[in-house]
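I'd like to ask you about the structure that follows.
In this document, chain identifiers A, B, C and D correspond to the written order of the chains, with residue numbering beginning at 1 in each.
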Amino acid sequence: MNNLAVDLPGLQLKNPIMPASGCFGFGREYSEFYDLSKLGAIMMKAATGSERFGNATPRVAETASGMLNAIGLQNPGVESIIETEVSYLANYELPIIANIAGSSIEEYEKVAAAFNETDHVHALELNISCPNVKEGGIQFGTDPKMAANVTERVKKASNLPVYVKLSPNVSDIVAMATAVEAAGADGLSMINTLTGMQIHLPSKRPLLANQTGGLSGAAIKPVAIRMIYEVKQQVSIPIIGMGGITTSEDVLEFLLAGASAVAVGTANFQNPFICPELIDALPHTLKKYGFNTVQDAIGKGITV
Amino acid sequence: MNNLAVDLPGLQLKNPIMPASGCFGFGREYSEFYDLSKLGAIMMKAATGSERFGNATPRVAETASGMLNAIGLQNPGVESIIETEVSYLANYELPIIANIAGSSIEEYEKVAAAFNETDHVHALELNISCPNVKEGGIQFGTDPKMAANVTERVKKASNLPVYVKLSPNVSDIVAMATAVEAAGADGLSMINTLTGMQIHLPSKRPLLANQTGGLSGAAIKPVAIRMIYEVKQQVSIPIIGMGGITTSEDVLEFLLAGASAVAVGTANFQNPFICPELIDALPHTLKKYGFNTVQDAIGKGITV
Amino acid sequence: MKKETMRIKSTKRIALDTVEMVLENNYMSQTAVPGQFLHLLVSGHTLRRPISIADVNKTEHTITILFKMLGSGTHDLASYQVGMTIDALGPSGNGFQLHNDNQSTILLIGGGIGVPPLYYLGKTLAQLDMHIISVLGFQTSKSVFYEEKFRALGETYIVTDDGSYGDQGFVTDVLHSVESFDRYYSCGPVPMLQAVTASLKDKPGYISLEERMGCGVGACFACVIPTDDAGGYKKICKDGPVFDAQEVSL
Amino acid sequence: MKKETMRIKSTKRIALDTVEMVLENNYMSQTAVPGQFLHLLVSGHTLRRPISIADVNKTEHTITILFKMLGSGTHDLASYQVGMTIDALGPSGNGFQLHNDNQSTILLIGGGIGVPPLYYLGKTLAQLDMHIISVLGFQTSKSVFYEEKFRALGETYIVTDDGSYGDQGFVTDVLHSVESFDRYYSCGPVPMLQAVTASLKDKPGYISLEERMGCGVGACFACVIPTDDAGGYKKICKDGPVFDAQEVSL
C-alpha cells in the first residue's frame, strides 16, 4: 500500500502534496519541469465568471521570509479555463481542484455550476477570502454568516465537494470554520494570505499598486499552524493546510496540527521542483518521526 | 532644533525610538550596554496587580524571520515595579511608559491608579491584547465594545495619557482603533503579536508549554504597516508603531505609514545595541529620502 | 528553461555599485540567446532576482551578468565569492528578434542597468555583419561601464544625467545626431523607454521591459503588461522581456 | 558581558554531528570563567544560540566551543569557515563555584552535549590541585569526544546508551563505582540531571541547566526556572546557567 495516500471528499490523493491556488497557474509552466501526474492534486488559479485583468503592477513585493501579492484574481474566466486548462490538465493523472471566486454570490454560483458540468474537476475550493478583491469578495471571508451563505449557495449550485478556503484575517477562525461546516462545506482549506503592506521609500507610497497585498511564505507558517490546530478540534471535516511550507518537516508539522493534506504556494517560486521534492522526501521524514503513513500523523500533534 | 524630536501626549520624545514592552525588561540589563538616556522613551514590561509567575517553559520558539513567545505576563506586580524599577529608571532622562495588563477591568484600574501615584511614569500603555493571558485579557483585544470599556475605566482611574495597544488578531483593526479613540484613548500602540504556534516534531506536541504564542519580528512587519496605514486615516490620535523593526529604513517605513514614533522589540535580542544604533542612523536615512525631521515624515506614505 | 547550478568564475566591480559576474554552466551558455535573462536565487530571499544575460562565451561555457547593487538581494549577490554557486532558472523569456538583414544599421539605446542585455545583442548582430551604433545613458561618470566594449562594436555615444561624462542629457537628446538606421533595440527605465518609443515611433524597434516578478516562469500573473485597453496582456517573464515597441502599452 | 566579534581560528568535526570551534577574542578569553556561555548570532536566525565555553586559552586569546548540529542554527554555524567572524554576547551567566579546597576530590558528570562546560571546569579545578574524576555519557560510540582530554585530568568513565563504547547504560549506573568524592558538577539533559541530583542528594553539587532563550541577558523572562512552589524563580541566562543542585526545581 502507498503510505502517502489520503482519501478526502472527492479526492483520492496518492500523496498529500499539491500546489496552492494562484502559485502554479494551471500547471502548464511547471509541466516543463516535471510530470504533473506526480502531484497529489492541483489547485488551479482562481476562476471568476468572466475574464479579469486584475490589479495594476507592481503586484508582488518581497518581505522577510515571505512576499506580498496583489494579483487581483486575473484569470481568463471559467469558460475559457474549462475549455483550455481543464482539458489540458485532464491529460495528467491527478485530481483537479477548481478555486472559485467572484464579486457576488451569483458569480460564485455561476462558476460552481460551470465546473460541475465538466467531468474532470473533482472538487471546488471556495475562495471567500481573497484579500485583493475590493468589490465584495472580502466580506465573505471575515463574516461567518456571509461565509455560510455563500457556502450553502455554492453547494446547491453544484454536486462537487466544496472546500472552503478560510482567511486568517479574522478574530475568530473557529467561528468561521464551524459556520461553513454547518452550511455544508465538505472540507476546509486554510490559510489564505494575511493582509499586509510595504511602503516603497524612494516613492514614499505603497509599493503594490493595489496598496495592500496578501502575505504568504514561511513568515506566516506559525499563524497557519495555530489556526489549523484550533479549528481541527472543533470540526469534523478535513483540512487542506497551507501557509509557508518549504520542507518535508513543515509538511509533517501541518499534518500533526490537523491537516489531512497540504498545499504549497510561494515555495514554487523559489524552487519549481518543490512539490515533487517534498513528495520524495516525505516517506523518510514520516519514518524519522515514527509514522508509517500520512494518515497516521494527521492531528497527532494535538494534545488536549 | 533636534530634528528627531516628537511631541506626543505626555511624552516629549527627543527621538522616536523606544524599546517595546516585554523585550527590554525594566531596562537594567541593557543599561550595561549603553546609557538609557539615549532612548526616546522606554516601554516597561507589563505590570499586573500582583506578582505573576507566567507560563511554564519553553516560552519562546524561533520561526522564519520571527519568534513566538508565551511569557505569560511574568512580572513582580505593580507595587514592586514602582518601588524598584520605576525609581531606578527615574535616574535616566527618558519618559517612562508603563505597560499595564490584568485579568479583569478592576485589575487594570488598580494598576493604572498605582502608576498614577508616582511622579515618574509619563504614560500608560494599555495592553488589551496580550494573546497569552487566558483568564480574560484576550477578549478585550478583539471586541471593540470591551476594548472601549476598559479604556474608559482606565482613563477614569488615572490622569496619565493612555496609549491603547491593539492586537492584530482581529477582522477589523479600524473598528478597534476608532472604538478606543471614542472611549478617550490618547494614543494607540500597534501592533502586538500575531497568535501563532509551532509543533515540535520529536515530541509531537506544541513546542511552547502554553501551546500558542505571540509571533513577533520581521515576519510581521507587513501586517503592522498595513494596520497602521489603515488606522491612521481614521483616527486623529497618534500611533506608536511596532512590529519587526530592525533597520532605520524600517523606522522610516513606519513613520510614512502613519506612526509618530516606534518601538523595537525582538530586534533587541539579536542586537542589544539596536535602539541606539537606529537613533544614530535615523538622521541620515531621513535625509536620504528627503526629510528634514521625523515630524515631516509622519503619514507621508499615505496616498489617498 | 532549466534550473541549473552555476559556478562563479569571476566577480568584479566595474562601476559604481555595479558588479560583473561570470557564471559557468554548460546548458545555460549553450542555449541562451540575446535578451533572455536568468532568474537567480539569492540565499535568504523569498523571490528570485531577474538579471539579463549580458554576454555568453560558448567555448568557455560561461554567461556574463552585470548588475547594480540596489536593494538587499543584489547587495547579497555582490558578496558571493569566486567558486561559490548560484541556483538559476533560465535562460528565461524570449530574446530579441535578430532578423537576417545583414549590412543593415542597428541602433542600440540603453539606460543604466538596461545596458547589459544590449551588449550580447550587439555582439551577436555585429557577427551577423550589421552596423552597430550605440547610445548609452548613465547617471554619472562613475556609473559608466562597457564603453570600450560597445565602441569595439561601432560608433558609441555616452550621455550622463549630470554631464560628468560624455554629453549631458538623456539618450533621446542624442538620437537626432545618429545617422539613419534601420531598426532599434532599447532597454532601460520605463520613462526612458516611453521617450524613446515616442521619439522613434516611425521606426521598427524592440524594447526590453522590467517588472517585479513572482514565479518568473509565467504561472503567477505578477508581471503582466497590458497590450490594449480591452484587457489584453502579456507576461514579461514568459512572453517578454522583449516586445515589439508597438505591442505593449507603457 | 559584551557584544564582541570573534574570529574563527579553527573548526573541525570531532564526533558524530559534533563540531569543535576555536574562536579568537581578547575580551572574551580574558574574562571567561568555567560554566559561562556565549550567546552566538547565526546569520539568518532571529534568536541567538547559547553555547558553553568548553575551554579557554588566555595566551592565545581563544575560546573553544563544542556544539552538536541539531537544528538549523547549529547546522548553519557548522558551515562557518576559518577566518569568518561570529557576533557573540558573553561571557554570559554565572559560572561554576570553584571553592578553594585544593586536594579535594571532584566528580564531573556530563551527558552528551552537556560535557563541554565540564572540560574547562575540570582543567581549572585540576590547576587548583583538586582530584578530578569524570563520568561521561554519550548516545553511541560515534558521539564520544574529549575522552583523552578528560583522562589527562584524572580517572574517566565513559558510558554509552547502546553500549557501543565504554559501559552500556546511563551515567547514574556508574556513580556507585566512583570512589568517594567531595563535590560534584553536572551538566546534561534534564532527565539525567534529575537522576543525578536524586541519587546524589546528600552530596554538595552544582548543575548547569539549559532552556530556550530570548534575550540571553535577563530581560525577557523566557528562561526562568522555578525555585519553589510559591512563584520564586531564577533566570537561567543571568542567574545561571549554573545552580546549586538544591536551589532549583527540575
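FYI, a residue touches a chain if its C-beta (ideal position, glycine included) is under 8 Å from a C-beta of that chain, and two chains touch if they have at least 3 such contacts.
For clarity, every value in this text was computed on a predicted model and none was experimentally measured.
Asks: Using the contact definition given at the top, which chains are in touch with both subunit A and subunit B?
Replies: Both subunit A and subunit B are touched by no common chain, going by the contact rule given at the top.
Asks: Which of the chain pairs holds the record for C-beta pairs in contact?
Replies: Top-ranked chain pair by contact count is A-B.
Asks: What whole-Å value do you get for the distance between subunit B and subunit D if each is reduced to the mean of its CA atoms?
Replies: Subunit B and subunit D have C-alpha centres separated by 36 Å.
Asks: Just the number, please: Cα centre separation of subunit B and subunit C in whole Å.
Replies: Chain centroid spacing, subunit B to subunit C, equals 46 Å.
Asks: CA centre of subunit C versus CA centre of subunit D: separation in Å?
Replies: The mean C-alpha positions of subunit C and subunit D differ by 55 Å.
Asks: Enumerate the residues of subunit C that touch no fewer than two other chains.
Replies: In subunit C, no residue touches at least two other chains, as defined above.
Asks: Using the touch rule from the top of the page, what residues of subunit B touch 2 or more other chains?
Replies: Each of 63, 65-66, 217-218 in subunit B touches at least two other chains.
Asks: In their shared complex, at which residues does subunit A touch subunit C?
Replies: These residues of subunit A touch subunit C: 22-25, 28-30, 32-33, 45, 51-54, 57-63, 65-67, 69, 71, 74, 217-218, 266, 268-273.
Asks: Can you tell me which positions in subunit C touch subunit A when the two form their complex?
Replies: Residues 1, 3, 41, 45-48, 73, 87, 89, 211-226, 231, 233, 238 of subunit C touch subunit A in their complex.
Asks: Using the touch definition from the top, list the residues of subunit A that touch subunit B in their complex.
Replies: 63-66, 68, 142-143, 169-172, 194-199, 201-202, 204-206, 211-213, 215, 217-223, 225-226, 229, 244, 249, 252-253, 256-257, 289, 300-301, 303
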